[in-house]
Structure formats: structure tokens, C-alpha cells
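Sharing a structure below in C-alpha cells format, with a few things to ask.
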Amino acid sequence: MGALANQLPIGLSIAAVLLLIALGLTFTFGQMGVINMAHGEFIMAGAYTAYLLQGLTSQSFLIALPVAFVVAGVMGLLLEWSLIRRFYGRPLDTLLLTWGVSLVLQQLARDIFGAPNVQVTAPGWLVGGVDLLGIRLPYNRMFIVVLAVVCVVGVWLYLTRMPAGRRMRAVVQNRELAGYSGIATGRVDRFTFLLGSGLAGVAGVALTLVGPVGPSLGTFYIVDAFLVVVAGGLGQLRGAVLAAVALGFLNSYLEFWTDASLAKVLVFVAIIAFLQVRPQGMFVLKGRSLV
Amino acid sequence: VDEPGAGAGASGDDIKVGILHSLSGTMAISEVTVRDAELLAIEEINAKGGVLGKKLVPVTEDGASDWPTFAEKAQKLISQDKVATVFGGWTSASRKAMLPVFERNKALLWYPVQYEGLESSPYIFYTGATTNQQIVPALDYLAAQGKKRMFLVGSDYVFPRTANKIIKAYAAAKGIEVLGEEYTPLGHTEYSTLVNKIADAKPDAVFNTLNGDSNVAFFKQLRGSGITPQTTPVVSVSVAEEEVKGIGPENVAGHLVAWNYYQTTTTPANDAFVKAFKAKYGADKVTSDPMEAGYNAVYLWAEAVKKAGTVEVEAVKKAAGGITIDAPEGKTTIDGENQHVAKTARIGLVQADGQIKEVWSSPGPIKPDPYLKSYDWADGLS
Amino acid sequence: MTALLEVRGLRVVFDGFAAIDGLDFTVEEGELRFLIGPNGAGKTTLIDVVTGLTKPASGSVRFGGEELVGKREHHIVRLGVGRTFQTATVFEDLTVVENLDLADSFRLPLRSLFRRRRGVSDAVASALEAADLTALADKPAGVLSHGQRQWLEIGMLLVQQPKLLLLDEPVAGMSRSERERTGELLHRIASTHTVVVVEHDMEFLRKYARKVTVLHQGHVLREGSVADVQEDPEVRAVYLGRAKGKAVG
Amino acid sequence: MLSVSGVDAAYGRARVLFGVGLEVPAGSLVCVMGRNGVGKTTLLKTVMGTLTPTAGRITLDGRDITRMPTHQRVRAGMAYVPQGHVSFPQLTVWENLQVTLEATGHRDPAAVDEALDVFPALRQFFKRPAGFLSGGQRQQLAIARALITRPRLLLLDEPTEGIQPSVIDEIEGAIERLHREAGLTVLLVEQYLDFALRLADSFVVMDAGEVVHAGAVEELHDEEVRRMLAV
Amino acid sequence: MRWGRISLVVCIVLLALAPVVLSPFRLGLLAKYLCFAIVAVGIALAWGQGGMLTLGQGVFFGLGGYAMAMYLKLKEAGSAGLPDFMVWSGVEELPALWKPFGNPVFALAAVMLVPGLVAFLLGLLVFRQRVRGAYFAILSQALAAAFVILLVGQQGLTGGTNGMTNFTQFFGLDLTDPNGQRAVYAVAAVVLGVTFLVAKLLVRSRFGRLLVAVRDGEDRVRFLGYDPAVVKTITFTISAVMAGLAGALFVPIVGIISPALLGIVPSLELLVGVAVGGRFVLAGAIAGAIAVNYAKTLFSEDFAEGWLYLQGGLFVLVLVFAPKGLAGVVESLRYRLSSRKPAPVEVAA
């Protein structure tokens, strides 16, 4: 019973990880329709940023969060500016393009940092955990949950409350018309990519607390990240949040009752089954016009 | 024109040897270091005048963490480059993929990693440990420590599954209770549920056959859960110095590992090996068991060639039996029968500085027994 | 005459907003019916429901006695209901002829679809003619202008020979001479088919309409001859305004 | 104000405009006419910078804008209502207007109210995603969007398409007001001749990608010109 | 048309000459590329013509491959014996699932039917519900991931991560003998030819046009009286059958089938060839698959350390500068060469 109850915070913390890795995709994939397979490598860039910064000051881990945002964000911006912008309207091509990019980035990481994993030492205040009502809460997990919540709120405010977010959605929905409305579409695209990639960087820093830091880092998370967005509904923040939470709990209990492999397969099956009911994810905004 | 050409590798003043490891993909993390050690051995041998008066020329191929690619590149090294022998592989899957290629071409492979046993190909030399040189001693050690309740954690592939079968047979015979047996896919990074299961089962020890990156996630998440080495030590058989670095020593310190060699192993040969390795690749580099086994493989082959007086495969095979070198891990001898190597088993304790301190070792090299024929409790296994 | 299309008690709700609210609407066999009404009155929604694109909250749509509600789009087409879209949609990567041929082939058994098209059927040829697209026949439809697309779409509808044609603003964006061509075409078709036309162009309406239904806020406001409807004060208030309506000089 | 001279334009390999020349004096209202597919829309898109001319020159107030990005043309006072009920489908009506307002130089919220005075019906749909609007409602929104930028030069591509008669009157009134009172310059593509006749000062007729006739609006009553349009 | 004929003849001649001029090792590699080319034809159908970006083609490749491997393993083990991996996995009795695969007719049928059936069922489920575009792409990718995990987890049944290796015979052909290898190559070449022909006929048929229409306007197609789900399911099934065939041929040619061949990355790699060659043109897809895999061999042999840069970089360049792939480049070259019409004279206004 204690173990079963313990799965509750575990589900939540899995959800938080899923959310963090998927959040950036709500911009690049959800808003811009770019299936960015290099998203995982931006996560990796964030993790390596934390690695490089560690030891500089006593709070280098916290400092790594904004720095990683900028590092990964700028990488994303460069990717948009150099390649992606030629691909708008061809979402499926972006998948292949960015996959090529991700191969190159992985090799680059291997050449710069070496093939073996590197270690980011967690700050002292994130080591250990606390027992609450018999449930064990590791500090690093709690930190990730808090970070995920902060990021979600920020993204939500940005998308719904800020002119820049509105502008971004306008550009994505109709590039030509956005131009006719006086919006500098190119700049908006680059900024959107910067945000989405930057969030991946932040996720990367957080993931150093619980996972490996190496050139293959991105490949571990990329599929799950896309599944969250797909299950949630493209471009729907609340969908992504709900999907992450649902998948988190599903995963935690399925794995508890079966095993990790089977749980993963069952989660895929659950998603396919779910899409039978809601083919466009949890929340959809459908237009009336065809196509 | 394509003579199945192993042994033809000697031409003019050079002898070509193949090196076949994953330089890309998930396995690169581990295999690159083995390649480095093998290249070091080749360099050293060349510096001492080579073999049979000829220089060794390595031909490197990338197995790309992809088993069919290993088979393809092995074929290429044999029939295109006509190398005298190949050093390569890490995962059992890559070895199984290459095995028919070497057997068909009657060419030689030197495989440098501990593995699950139950194999003895006439065209493969196994310089890493088989199960009776690593897993069985580790179990003996745990039993001696009074650990009666064990939890098994492994990556989902052949080595962990076979290892755990052996462990369960051992446990059944020795009155040890196996509380759980869990597998996760390779590259899995989410261990909170598994850790919770362990916390719930309260074992005396965890036997860990996870491979590669998963170890990092496992140990980091284990540490957050309040499970400590004092209450529940984890014994790992695929975590060496290189992996400890990636996991972060603070996350594994106090846990146990089982190997045949550590960087701290005190032999004259090891002092030289570590020094040479650091000189070539950087002072921050560490050495590890598979690296050492790869390094040994090159020397063992070179000795066999010297003894045979030729690089021709059948002659080398015949000459190999009984060859002994003073390896960094101590004396190692090729078993002519099953082409494995006699090795000393060592249990180590991970230190806070990332090094591993030996806490127990077998009295001497253990004769390889890949089919565990000499163990009663293992009767039903093969 | 018998009722070909019978809509009864139809209600369509979007997010709590009733776009169609208790609509009864009947079209007799062989009729040419015009459907007008303010923007947002529910005209397109009505066509959407009949053709299966939108599911109603309640009510029934009977076509030749058969219930259409709940049927999938392509079934409804196969029963003989065809439509055009307010914003013309054609297959941009297919040529004009291929667009028409595809529309023409929908009754072929699946098996024979695996054969190659040889030449152009009579129906396609005459649709090309009617739509004045013969010169562009082998051009991809993607290069057509707004008006040309509209013509192509009408052509695609014609080759399908549906029993009931639902045209959503077919002449919007057409020049005067083209409106006239469309009007005449409509009359020709209407002599052998049942046609419902949604249109805002009053000039066009005056010229070609017989019976007109005015929709307002999701229900029928008036039904009658062009003259009746035009003089109706309520219709003038919600729809026509002070002007006599749009006309092409 | 706007001057187009010798402009060629193409979609990829397909050339559509051939040496088009056009003058839109400040404060005038010029109407472009022609059959379907002659290149009217293409001309407007070229003027707005969606298509880059392969030859020729476009100037605004004497300034060369041939290669200026679209959004800068909008900031320079041009606004465009594209053909065919175009909107940002997943933004609400309010967001559609707001996003345009935020991208204009003036950012005066009063501009929204002014625009909505022409289309009061839109107010009740503020929270509805534009993609859910009816065709005519969307077209009204499209015109309102353009008005919000407070343009000096307004380009309209068949603005009355799909709009109910009474609202067309409103649009006509509004454009006339802006034109007469605020000196708004308008370049209009319109098939609805009455509308054009009442508003326009002059007109051009296009055929097969070329301007084949240009003249004062009175000429539109000529049999000759009417025939040209009717071909 | 004339161009097409000429290049077709050239290709056939080249393929026929290959066994004479290439070493058995290189011929084996070429045969492997041909397998990937067969998959590529299916992908070009599903993706290029039908707009279904299938990132899970490895699954069907694998189903075909495993079906074939099961047969070959049983044949090798003889009537009493167990396949080698079952022995070391501790399986004592042949699992029921394996039994029918001892029959060559059943195995050959399964090579096509199993992938076809799986694709058909999946397509029916997914396409009827109008899952499409990026959703479909990512779902199919998840499918590949799940499939691999399943295979790996069933070690006793499938050989786990190792998969199955060590095949020496293929319907009487000795795979260790160069002549046997040549014969297997010939089979692959013929199957590729037939696959190409079938796909070509399909594309040119009305169904092919319908498929393009579905790609460009699935919803509009409904209003022409067709069910797009049927069109897509049929196409998806055909492409799966092609992948299955290719997988079955891969087994005797390369001598291994393992989950490593079927996961996300290999499935993506299959697409790369199609994208590089030109997904809208079947011949382009074939050429692309062969070229990309050849380049992979070449790069990884000559630049073992940095070949990912070359592979990734080359791929990115092609996508950016030749979005329609090599076929697109060829087409525009041909257009330039053959357009006799003088370019329109620019008249300054």
C-alpha cells in the first residue's frame, strides 16, 4: 500500500519531466508545425551548459537555467534562420531535415565533450528527500515539478496574454496575411524558435538531476516528447499538460504492475486507442473550411 | 578475386589488423575507450619492433551500435582489407552478429568484454570474463557477506537475462531469496518506479546488470529515494571507471562492482598501462576492465603470432593455447580448449573520487568455464 | 411533385450557439430554389448538415425518403447529393482534366479504378466546355485563379450528375458575363435536376430565381417569389437594407 | 501616390503579368477590372510584395518599394484585403483585430471601434474563433482588419464577395467617407460594377496579364468598354 | 518517355553486369541496397503519392524479415532441433507460434500477408478516425519503438536484442557460396523490378490520381463520393507488403534480422533515401535508396570517425537545395535541355 501510494508523486514527477521536454515543442511543433527532431539535441545543449558552468559559483546550477535557455535558444534561432525558414508549409520535410541536423549535433557533442557521459553534480540542497505521510519525496523530483509548473505558467501567459504570443499564432496560421497585417513574419519565426528551443535547454538542465548527460541524451526523450504533444492536441497547452499528467500516471502505475518494457508498449497502445476517440488529441480547434 | 582471406593480412612490411567498435550511436560511449586501448597496444608493439618484424597497421571501422553493421564491416575487414585478425565488439548482440561471418570466412575475432557465456566459437577469442569469472564470484562474495534477499535489475537483452538466470539458479541452490527481477529497455532513463519497487521489497542487495546510460539514471534516482549503500548495496557488473565518471562518483560511491581489473589494481604492468594511456589520451582519462581486456587481446594475439611464426589463422589458433602474458590485471592465460582467458575475479568498492578500491579478489586466475560445467547448481542451465 | 429534400426540426449548436434553430425546409423534385439571408443566417451550415460535414444536435434530413443524418460524407454523395464550397476547393496537384475525371469516376467499382484513364469521357468533355476550361485542361488546378477554380468546382459537380445540387455562392467573384453564363447553365441544369443555390447577388437572383427562401438566425423568415421576398419589410430590414441589392452593371 | 511601371511577375516559371503600368494618384479611387484569371489578384499581390516583380518598378510617394518587405509596406501606410475571406482562423475575432492593431505604428485602440462601426455585427462574435465565422462574417472581419491600420492607401480585392446587400451599403458608405473626408486612396478590384461606378474616379481594364485600357469612370458607360469587359 | 525507356534499359544492364564485375562482398552490399530500394518504392507510394509519412516502415520490414528468418532457422535446426538462440535462452520446446513457419509455403505467404494484415488493420483504425499528417507520422514512429521493445522483451521467441543470425541456406541455395549469393542477388533484383512495375501501374491508374487527391485534400475527396480511409489503407497495406518482401530478402542477403534494424532510426534512414532521391518519382526513390546506402557504406569506411557529419550534412543539403530530391534536379535539367522554345523576350516598359 505504501508503495502504491508512492507511485502518486512518481506519476507526477514523470509527468513533470514529460512536460518539460515537451513544452518547447508546443512552440516549434504545436505553433509552427515544425517536427523538430533536433529538439532533443537542444535539451542536450542545455545539459552540457549546466556541465560547463558547474563549479563556477556556488549557485551555478540555478544560473545554468537562464544560460541554457539562451544557449539552446540561440541554437534554435540559428537553425530557424539558416534552414527551417525555407521549409514552412512542408512540415513532414522538416522532420527529415531536423533529423539530419540532430545527427550532426550529436556527433559535434561527441567531438567536443567526448563520447562518454559527463557528470553534473547536483547542488547540495537538491540531494536527498523528505518523507511526507510515509511517501518519499526526493528533492530533485520536487524541483523538476516546480520548474515545470513555472514554465507552464510562463508559456501560458505568453501565449494568451502577451501581444508577442498572439503575433506568433497569427504568423503560423497565415503567414501571408500576417505580413499584410504589418507583422514582420521572419522575426516572429526566429523568436518563436528561440523560445521553443530555449525551453528545451531549460529542460536539459533539469534532466541532469535525474539522467545521463551525453551525446545521445536527446534520443532518449524525443519520442516521448512528441507523443505528449500529439496526445494533447497540436498547439494546445492545456492539452499538453493534461496529456503529460495522464501519461505520467499511466506510466507509473503500469510499470508498477507490470514492467518497464511492457508499460512502454501499453502506453503506446493507450495513445493509439485514445486517438481513436479523439483523433486530433484532447483539444482541437477545428476550422470550418476544408483542408 | 575475393579469397576468404584471413591470414593473408601480412603483406610487405605491414600486418593489417582490424578494429571494429561503435564509434557512433549509443554504444560509442563505451566502445570508443576500448578502441583507444587497443590502438595503444598496437602502438606499443610497433614501438618494440612490431610482430615478426612487421609493423601492425590498424584498419578502423565503425560498427555504429548497429548489429548488422558489425557483420557488414567484419566482412569488409576480412575480404576487402584482408586483415590478419579483428579486435572488436562490445554487446553480445554485435558478437552474435559477427560470429557467422568469422566462422564462414575462417577468420579471427578478439572479443574484449565480459559476457553471458554459453558460447565458444572456434573463431573467437574471448578476453573478457565469462560468467564464472565475474558473476559467480560476485555471488559468492555477497553470500559470504550474509546477503540473503536479492533484487535483480537489468537492461532488456541477452546478457542481463542470462546473467539473472544464473543468479536465480545459484540463489535456489544456496537459499537466497530473489525478491524481484526487472528489466528496462536499453536507453531507459526513468527509474523512479523501479526504485520504488526496490524500496518496497527491502532487499539486502541489488544485483545490477543495467548497461550504459541507464546506469546514470538508475543511480541518480536511487540516491534521491533514500536507499543507501549501507542499507542496500548495489553490485554492478557493467559499471567500470568510465561509467562511474558519467554517473557522478557521489551517486555511486559505496556501491560494489565486480570485474577482473581496476585502474587501481597494483601490478607493474598496470602502472605502465595507466601511465601510457594517460600520456597518450590525457591525464583526466581513466582505464577500465573492458579497455584492459582489449589491450590484452592485442598482446595475446601478438604473442600467439610470434609463437606460430605466421599470422595464418589456424596456426595462430593452435599456438594460442597456453599463451600467458603479464597483463595489467596480473597473469592471464589463454585456455586452448574454449579460447577464453583465465582471469582473476575482483570485487571493488566505488570511492568518492571515482576510483574503485578492491575489497576482495580470487586467490588466483580462475579457469574460464563458459558453460558452467563445473558447478553443480548450474546443471539445468545449458 | 414530391419532396426530394425534407429538413425537419433541425437544430445545430456550436459551443452553445444555435446556428440553426428549429429549421423546416422542403425542396421539391425538379425545383430551382434560391436560399438567401444575412451573413451568418445558417445557409452554409444547412448545406453542411445535408452533406454530412456537420452533425446536428437534433432534427432530421430526409433525401428521397432516406435519413441523411449520421451518414458519412461519401455515402451521401453516392446517394446523389452534390455540393460546391463557398471557397472553391480543387486538387491543386492534379490537372483540370484529372480533377474532373476523378469526380466522374466515383461510381466505378474499386477494382476498375486500378486501370489507367484513357482519354476523356463525354461527361468530362462537356464539363470542360461548360466551365470554359478547355484551354487549361492539362494545367494543374493549382494555377487557376479564384474565378476559374469556382468554375472547375461547378464542373466537377456537373459530371457527378447528382440528383440534388447544392451551390454555395457560385457566382461570387465572377464577372458579369460569367454570371450570365452561370445563370444560363443553372437553368439548363434545373430543367433536369433539383438545385439549391445560395447567393447574395440580388441582380442574379431577380434574373434566375423562381422560389426564394430567406433564412434568418437559423430559421426560415420568408418563403415565396422573388418579388414577394424583396418587398417584405422584415427581409429588407435584416438583409437588403435601403438598396435594392447588389447588381452587376 | 502609387505608381506601377513595366511590372512583370511570375509564379515560378509561369509568367502572369506582362509590363503592367498603373498610376494611383493620391486621394483617388482606381478600380481594376477584367475577367477571371487575367491577373488582377496577381497585380495586387505584387504591389504588396508577396510576389517580387521580375522586371519593372513600384513606387509609393515617389519612393521605390519594389523590394521592400510586406510588413514595411504596411507600416508605410498600405493595407490590403486579400480575395476570399481570409483570416487567422484560430484566433478569435477580437484577437484578429488586436494582433493587427499591435503591429501598426499608431496602436490607437480607437481604430478598432471605428472599424467596427462599419461592421457592428462583428461585436457579438468577439470571442468566436474566426475560422468558425460564416463566409460573409469573415469577409467583414477582413475589411475591418485592414481599416484598423488606418491606411493611406487601401487595396481591396473583391471586398464585397459573399457579403449581404445591406452590409455592402455600409462598406460603400465607409469607404466613401474615408475617401472623401480623410483623403484615403483606394485601389479596388471589383466585379460588382454598381459599387465601382459609384465610388471610382478612374479605372483600368486588364486582359491576359496586361493593362488594355485605362480611363475616367464616365467611360464605363461606353459600349466599347462594356464590351471589353464582357468578352 | 524516351528518356525513361533509355534509363530503364541502362539500369537493367547495370544490374545484370553487377554479378560479373563486383566481388561477392560488394555484390552482397548491392543486394542489400536493393532490399532498401524495395522498401523505398513502398514509401514513395505511401508518402510521395499518398502523403502518409510512415516512420514505422521498419515494423513491416521486420515482420517480413522475422517470418523468413523463422522459416530458415527451423529448416536449419531440422525436424527435432531447436533454433540456436532458443537453446541458449533456455527454451525447451518449439513455441506454437513458430510451428507453422516450418512450412515454406506458409512462410512465404506470411512474409507478405503478416505485414499487409498489420498495416491493413492499423490503417483501418487510424485512417477511419482521420488521424493524419504529423499525427500519423509520430504515431507510426511510436509503433516502431513499441514493436522493438516487444521483440526485445520476447527473447525466447524472437532472439531478443540479438535477433537471429547465422543462416546458411535459402531454399536450396548455399549462402556461404558466391554462386548462392549471386542467385540471391538476382532474386532481389527481380523482386525490385516487379515491385517497381506494380507501383508504376498503380501511380498511373485512376487510383493513383485519387491517391494524390487524397494527399492534397482528403476532406474534399469525401465530397466526390470516395472514402479516403479506404484509399489510404489500401496504399499503406501495399507499401507494407513491399517492406515485408524486402525484409524477407534481407535475411538471406545480410544474414541477420534484429530489432536494431526496425527501430526509429532505421525507419528514418529508409525515408532518407526516398527524400534524397525524390519522393514524388518512383525511380528517384529507388535511386535515392541505393545512393544513400552506398554513400553510407562509403563514408563510414573512409571516414569512420566523422561520417555522421557527412551523412547528416549531405542530407540537409539535399533537402535544402533540392527539395524534390535528385529526381527533381534531373527533371529541371531535362526541362532546360528539352525546352526548345526561346525564353520569353523581356520588353522593358
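Before moving on, here are some points about what is shown:
Going in written order, the chains are labelled A, B, C, D and E, and every chain counts its residues from 1.
We take it that a residue touches a chain if its C-beta (ideal position, glycine included) is under 8 Å from a C-beta of that chain, and two chains touch if they have at least 3 such contacts.
Just so it is clear, the model here is predicted, and its values are computed rather than measured.
Ranked by separation of Cα centres from chain C, the top chain is B. Averaging C-alpha coordinates per chain and comparing to chain D, the farthest chain turns out to be B. Chain B and chain C have Cα centroids separated by 74 Å. As a whole-number value, the distance joining the C-alpha centres of chain A and chain D reads 42 Å. The mean-CA centres of chain D and chain E are about 51 angstrom from one another, to the nearest whole unit. Residues of chain D in contact with at least two other chains: 132. Across the assembly, chain B contributes residues 23-24, 156, 183, 185 that each touch 2 or more other chains. Shared interface positions of chain C, defined as residues touching 2 or more other chains, are 44, 87, 89.
Across the interface of their complex, chain B is touched by residues 2-3, 6-7, 10, 13-14, 17, 106-107, 110, 114-122, 127-129, 131, 136, 138-141, 209-216, 219-221, 251-252, 255-256, 259-261, 264 of chain A. Residue ranges on chain E touching chain C, taken from their complex, read 201-202, 204-207, 209-210, 212-213, 215-217, 220-227, 230. Of all residues in chain E, only 23-25, 28-29, 32, 88-90, 149, 152-153, 155, 160-163, 165-168, 176, 178, 254-256, 258, 260-261, 266, 297, 300-301, 304-305, 307-308 touch chain B in the complex they form. Of all the residues in chain B, the ones that touch chain A in their complex are 23-26, 28-30, 32-33, 156, 182-185, 187-190, 192-194, 196-197, 199-200, 213-217, 220-221, 223-226, 242-243, 245-251. Listing the residues of chain D that touch chain C in their complex gives 11, 14, 33-38, 41, 83-85, 121, 128, 132-137, 140, 158, 160-170, 191-197, 220, 229-231.
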